[in-house]
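Letters A, B, C, D and E mark the chains in the order given here, with residues in each chain numbered from 1 onward.
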Amino acid sequence: MLLSTETMDVDFVRKVEALSGTSVRRCFQCGKCSAGCPMATFMEHPPNRVVRLLQLGQWQRILAGRSIWYCASCETCSTRCPNKVHLASIMDALRKLSWDAEGPSKESYVQLANRLFLQNIRTYGRQYEMRLAAVFNVKSGQFLKDLMLGPKLISKGKLKMFHQKNKNMIEIEKIFGRIEEMRKNGEAL
Amino acid sequence: MTPKKTLNYAYYPGCSLHASAGEYDLSTRELFKKLNIGLTEVPDWFCCGATPAHNVDELLSLSLCAKNLELAEQVEGDLAVACAACFSRLKTTQHVLSESDVKRRQVEKAIDAPVPLTGNVKHLLDILARDLGLEQLEQAVTKPLAGLKVACYYGCLLTRPTDVPNLDCVEAPTIMEDILKAAGAETVAWSHRMECCGANFTLSRPGVVIQLSHAILDSAKEAGADCIMVACPLCHGNLDIRQKEIEGVYNTEYAMPVFYITQLVGLATGLGADKLGLDALIVNPMPLLKEKQLL
Amino acid sequence: MHHTEKHNFEPKIIAFVCTWCTYAGADLAGTSRMQYPANVRVLKFPCTGRIDPVFILKAFQQGADGVLVSGCHPGDCHYIAGNFHARRRFAAFRKLLEFVGVDLGRLQFSWVSAAEGGKWVEMVTDLTERVRGMGPMQEFRELALEEQWSGAIDTPELREAYNSI
Amino acid sequence: MTNSIDTSIYTAITEAIQDEARRILSERSVIAVVGYTAARRKGSAQPVVITQADDAGKLIFSAACVNNLAVYLTKAKKEIPKGGKIGIVVKGCDLKALVGLLGESQLKREELYLIGVPCAGVLASTAQPARELTGDTIAPKCRECDNHLPQGCDFVPDQRPVTLELAGKYSAEIARLEAMTPAERWAYWKEQFKKCIKCYACRQVCPFCFCEQCLCDRNKPQMVETTPRPAGNTAWHIVRAMHLAGRCAGCAECERVCPMDIPLNLLNRKMAKELKELYDYEAGFEVREKGPLAMYDEKDDQSFIK
Amino acid sequence: MSRIGVFICHCGENISRTVDVERVAAQVGTLPGVAFSTDYKYMCSDPGQGLLKKAIQEQRLSHVVVAACSPRMHEKTFRKAVESAGLNPFLCEMANIREHCSWVHEDREEATQKAIEIVGMMVERVKKNRVLPTITVPVTKRSLVIGGGIAGIQAALDIADCGHEVVLVEREPSIGGHMAQLSETFPTLDCSQCIMTPKMVDVANHPKIKLYTYAEIEHVEGYIGNFQVTVRKKARSVDEDKCTGCGVCMTKCPQKKIPNTFDRNLGMRPAIYVPFPQAVPNTPVIDRENCTKFKTGKCGVCQKVCGPGAVDYEQEDQLIVEPVGAIVVATGFDLYSIEEKPKGSPIKGYGEFGHGKIPDVIDGMTFERLASASGPTGGKILRPSDGREPKQIVFIQCVGSRAREKGISYCSKICCMYTAKHTMLYHHKVHDGQAYVFFMDARTPGKSYDEFWRRSIEEEEAVYIRGMVSRLYQKGDKIVVMGSDIAVGVQVEIEADMVVLATAVQPQKGADTLAQKLGISYDKYHFYSEAHAKLRPVECATAGIYLAGACQGPKDIPDTVSQASAAAAKVMTLFAKDKLEREPIVAKVREAGCVGCFYCRKVCPYGAVEEKEIRDRQGNLIKVVAYVNPGVCGGCGTCQATCPSKSVELDGYTDEQIVAMIESL
């Protein structure tokens, strides 16, 4: 890793700081975030290292990996950080920037689930769990995933075959639209 | 029994309570009715965006929540929220937008309305333990849950992060235990009451959920609990719906019913199984409730 | 030495201690009302550096069954380095005693600080019990009883010389 | 069995010593030379002090020159004229004692002229002085000698001693005793010390016993019993060994002069061995300000201390 | 025959509960030499002490044994009481039958028997006790301060402000020390010279301070309260009384190409020079090694241009003897050199960092001079090699420090903080530059220190990289730094324009030689040893000598100033009395028995043993014996245990006393 003012992408770090509302430089690498992270075992860069790479402006290394997609947003790190580094928000920001950059992440399932979830909101205003699961299985190619659970859930009334659609759908589309507009105009990240 | 003051709330059930967590919605409405607490559902509420939204698009997440807060303004009273995730998102939105003018302006532009930042967002637990009060709740109990050992599971989002939900102590909350004690149950001390269950990885990476939820179930069993109590549909899904699967993977047996808080408190106030949606639970609670003579 | 019914042999234990650490540690054992065998007699020195190996020899000759030498932990010496000098001196002396046949079980060295009342009790109790198990220190006592002048002048050379006279 | 040791160089050494003594005495660079001369009995030798260059011819070196002359510079120095530099003939073993005395402020190097002797060994005290020097007649100390060629002297005859590899008697005996139980060792030493008649010849001959008043002669207080009874004898020998620890370089004169044949040097050599193991210290090789028991290291072994 | 009085205390019931005190009194009363024995409820009470005094007088007692609590509790009480009754206090001993007997044994018979033996033992001991007079030593109320850095200056000012004369000796031509070389100081970033120079001027103007610069300690004799110090005042070649400090000599000196050591050789100075413009005294000194006049005999320009005629080529070293009562050692520190074979040091340099041969690899002090407004670059950070401004600068921590292999295992304590300061200064001066710091730990235990360090990262944008640098090498005009970031777990490479090494803090050169002159001890690194690491941190084991500043161990300015003031306070404590009194537990030499082997001197932790010549009436030397200076002796008795002939004896713990105790058992 060659460090220089060129190789350390400070602009990217500033974006992360703006989006997350938290300072990356504050972190002194105590490792408490990684110590308490329930998902750290599934990550190739544990949370503290994600921040460390950010401090060095090495975002490509972060986005290339699956760490950010394995964050469960449990907020344990943010809660316990001695320096008030809101790492959960940093993770949010990194995921957003990854999407913006069409990041070459190794993790596709989590991203797929997220995309479907947001699509559902845009389409239905509310979450449509049955559809979410079904489409996910189809799109991820795991046709048989959780197949055994389906009938049971349906019988228990937990998977509704038909979705209760919001009556005010026009509003939700407007919100999506305005946000896209703001981004196009550079008014928001 | 009548409360000293009449309590009325706007109610934001959230998507899950209208789908996979129907029993949570049902038991909440029934319990509140029993306790003479008014609930009026926010008309035309939207999804709060939950974890996926803030995970990849904070502005969207904030805007969705802000919209919901705006919608809730139409209804008299504080906003009551049953789902821990919805509660967390709504509270976080209020917090973030009151901290950042930039983000507030962006969100107001997105929803084309001012964001109400002053309205109270309250979780059911808060309403039961504080607005109604433990004393009042105790008085409403007609069938104390004597002999039922409950592991209260808080999960991640009810208390975290510091200063945002402000529901209870961020590392050692007791609000669930307080409520259950008022309901006459016994609560167990256990290690995994605030560990993550795997949350929405249930869809994308169920293996994660199986591993994490297994640890939670194990801990509850080791602590001698008869059942687990939750206040979050996602936690419930992972612990209850996937319990059988976890038992299979780890070659063990829990048979550990997972209740919503409203179901257990409802039982204590004398509500019947039908009004609490007990039949919707995947792990059958009936043998346990019968054994403890709570039905 | 005083005898009790409990044991049929009560050893005489002499302790040479420095005033700043071990004596104070023994005082602490007292103020803490700890209990230990009454066999020990304490001789106070300013420093373990003052303790001459000859005193240990003298104590054995005077009928001690066990000797305890104790002072400040290394680095804690009130006189900077007295205990360091003592450490070398005793390391050598015990080797000498061992070589002439003294069982080193009877000779204990320890560092007991002013804060280690408990360790003092442990040291005294351990040594007392150990020596009690070993029995009386007969070696020096027997020597003291022997009066003969060079009783073993019985070499072949001498015998030959006497015979030739 | 032919284990004779070549002492032919001793003649050349004798001549060299005589020449050097003659030179330094005639130049008045020394006022006296302490050396060996022939004694009455055939082949025997005895210490001598010469002050005249003409007497240089009296000096000899032979296998009978066993005495450690260093003692004449401390206790017996009354015999030696004061007021100038003194020459002394030293074997390697004697030099070690001299080095120790230099470190203990008893001698000053600048007041000495050292005539070193390349030495292949000397005769044991039990052997007849005229006997041939062999592996059997050699003094026990020479069997373990590690200093055949004295270093740092002012003059050493240009000769190389031819030595014989011999098994160490002291080390073997120490090992034998170490293998015993404490009770067995006590019994051994008890028998040895019983023999002692407190003649103090060991003290008299030792270069390091230079105290004007020996601790063991004191009566106020009486630290050590003075009577020649077993208790007092034992105490004397223990104190003697302790006081010589780290100083004695093993000239074994104590043992040589003991009329009761007590293996006194065993104790001294045992202590030397222990100090070598504990503190890597060997007496007599260089003038050192502090001996092993006059210094310390913070990291010294203290495994024996609880 | 002695007439011993024995007093057995009940200590309320503390003793009498388990010890049959009457029986002890009766039994002990039969011992030979005991003239009187009694027991009493509270011996330490007024009536108890009254009883003791009355008995001494009425029974004409010669010695006293009080059997009561620990002597650590009440020995002083009873000795005082005995003294007021007319007996020497050291003829009184205590037998500890409480802490060592009644409180630790339950069996009454056992405890009583033990008490009888303990008291009997002390009776035998006290018989051998001797009258010991209190020792008094006069105090010369002048002090010597060695070293004119911030530590020495602070100590000197504090002592002088209390009205006592101070002799301040500085090796360099000016006082000021390292602090005068610094640019800014952490954690406040105020200018070092701004806070330092007023103090230097105070020293120069103080009527109670006698200042010797360009001077060294030649020889020290004596002991606490009474030292005789010989100061060597090196030939300055300029008469301090005549010189007005006009500086003409320096401007006219033709030899101007001598590396200025004050500026870490970054600038040049003439052969006649003051080290820096604010020097105190402002009197130049001729560097005779480099002066053409001294080298070839030709030149003499300075003498010609000097108006007052102060230049004196004939001047010689002067030896001045100063009597002082106390000495403060404040010789400060030096920096570890990464050169291949640093002069006078056994340690290996840093080959991996270029052995000091890469011009733009500098040490922290050199950076200070670069950053200093009065430095050779006027405060601009410029590369020594080509004078360009470095845009990428790398700081490396722990160079030498915490590196056992390099012979230094300790932490130099100040580097973390001054490097944080350096990154800030750099950022202030080179706005478009980037500072990197390779470090292992950041050690910032001090008021406002951690905040300062964090500021350098969070606000001044220094990039700290946890992990050490393996190697540096020159590549074109860059220095390639090969390090690692252990938090990420990757190797890191930086092409730097300049590298600053936080080299280890070491004691000043010659610290060991000075210690030998003073008779104080030092550790293996040659830092001076304090008497007690916790409780006597500014005192030396040698009485009357105190330590201030980095000569005792690496220290920053606040710690140094605190210790200097503490040392001054210790000097004042000493000077508060006209005479020193001390317990007469000291060793004495029996000259008749002493053969001068000086084993006692070898083991004495206090350096209290001196040589004494015994001569006959004609003045002929009979022998040299040991002499224990009672003012210096600490009273441990190690000498006596070591003396082969027992010709040195510790009063209060003589062989007679101890053997009497052993024999009583």
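Definition applied: contacts are C-beta pairs under 8 Å (C-beta built on N, C-alpha and C of every residue); 3 or more make two chains touch, one makes a residue touch a chain.
Just so we're clear, the structure is a prediction, and the values are computed from it rather than from any experiment.
Undergrad: Following contacts chain by chain, what is the lowest number of steps it takes to reach subunit D starting at subunit B?
TA: 3
Undergrad: List every chain that touches both subunit C and subunit E.
TA: Output, common partners of subunit C and subunit E: D.
Undergrad: Imagine the assembly minus subunit E, everything else where it sits, and name the touching groups.
TA: The remaining chains, counted without subunit E, group as follows: A, B | C, D.
Undergrad: Counting only C-beta pairs in contact, which chains form the busiest pair?
TA: A-B
Undergrad: Farthest from subunit D in C-alpha centre terms, which chain would that be?
TA: Here the answer is chain B, farthest from subunit D.
Undergrad: Chain with the smallest distance from its CA centroid to the overall CA centroid?
TA: E
Undergrad: In angstrom, rounded to a whole number, how far apart do the mean CA points of subunit A and subunit E lie?
TA: 61
Undergrad: Provide the C-alpha centroid distance between subunit A and subunit C, rounded to the nearest whole angstrom.
TA: Taking the mean C-alpha position of each chain, the two centres sit 75 Å apart.
Undergrad: For subunit D versus subunit E, what separation do you get between their C-alpha means, in angstrom?
TA: Distance between chain centres: 45 Å.
Undergrad: I need the residues of subunit D touching at least two other chains; which ones are they?
TA: Within subunit D, the residues that touch at least two other chains are 215, 223, 293-295.
Undergrad: By the touch rule stated above, which residues of subunit B touch at least two different other chains?
TA: none
Undergrad: Okay, what are all the chain pairs that touch?
TA: Chain pairs that touch: A-B, A-E, C-D, C-E, D-E.
Undergrad: Under the definition above, what is the set of subunit C residues touching subunit E in their complex?
TA: 2, 4, 12, 14, 19, 23-24, 26-27, 29-31, 33-36, 38, 41-47, 49-53, 55, 58-59, 62-64, 75, 77-82, 85-86, 89, 121
Undergrad: What residues of subunit A sit close enough to touch subunit E in their complex?
TA: Going through subunit A, the ones touching subunit E are 1-5, 8, 23, 25-26, 28-29, 45, 48-49, 52-53, 55-56, 58.
Undergrad: For the complex, which residues does subunit A have touching subunit B?
TA: Touching subunit B: residues 19, 21, 38-39, 42, 70-76, 78-79, 86, 88-89, 91-93, 95-96, 99, 109-110, 112-114, 117-118, 120-121, 125-130, 132-133, 136, 140, 145-146, 149, 152-153, 156-160, 164, 166-168, 171-172, 174-176, 178-179, 182, 187-189 of subunit A.
Undergrad: Using the touch definition up top, name the residues of subunit E that touch subunit A in the complex.
TA: For this pair, the touching residues of subunit E are 391-392, 434, 436, 442, 454, 457-458, 461, 463, 465-466, 485, 487-495.
Undergrad: Mind pulling up the subunit C residues that touch subunit D in the complex?
TA: Going through subunit C, the ones touching subunit D are 53-54, 57-58, 61, 74-75, 81, 84-85, 87-104, 108-111, 123, 139-140, 143-144, 146-153, 155.
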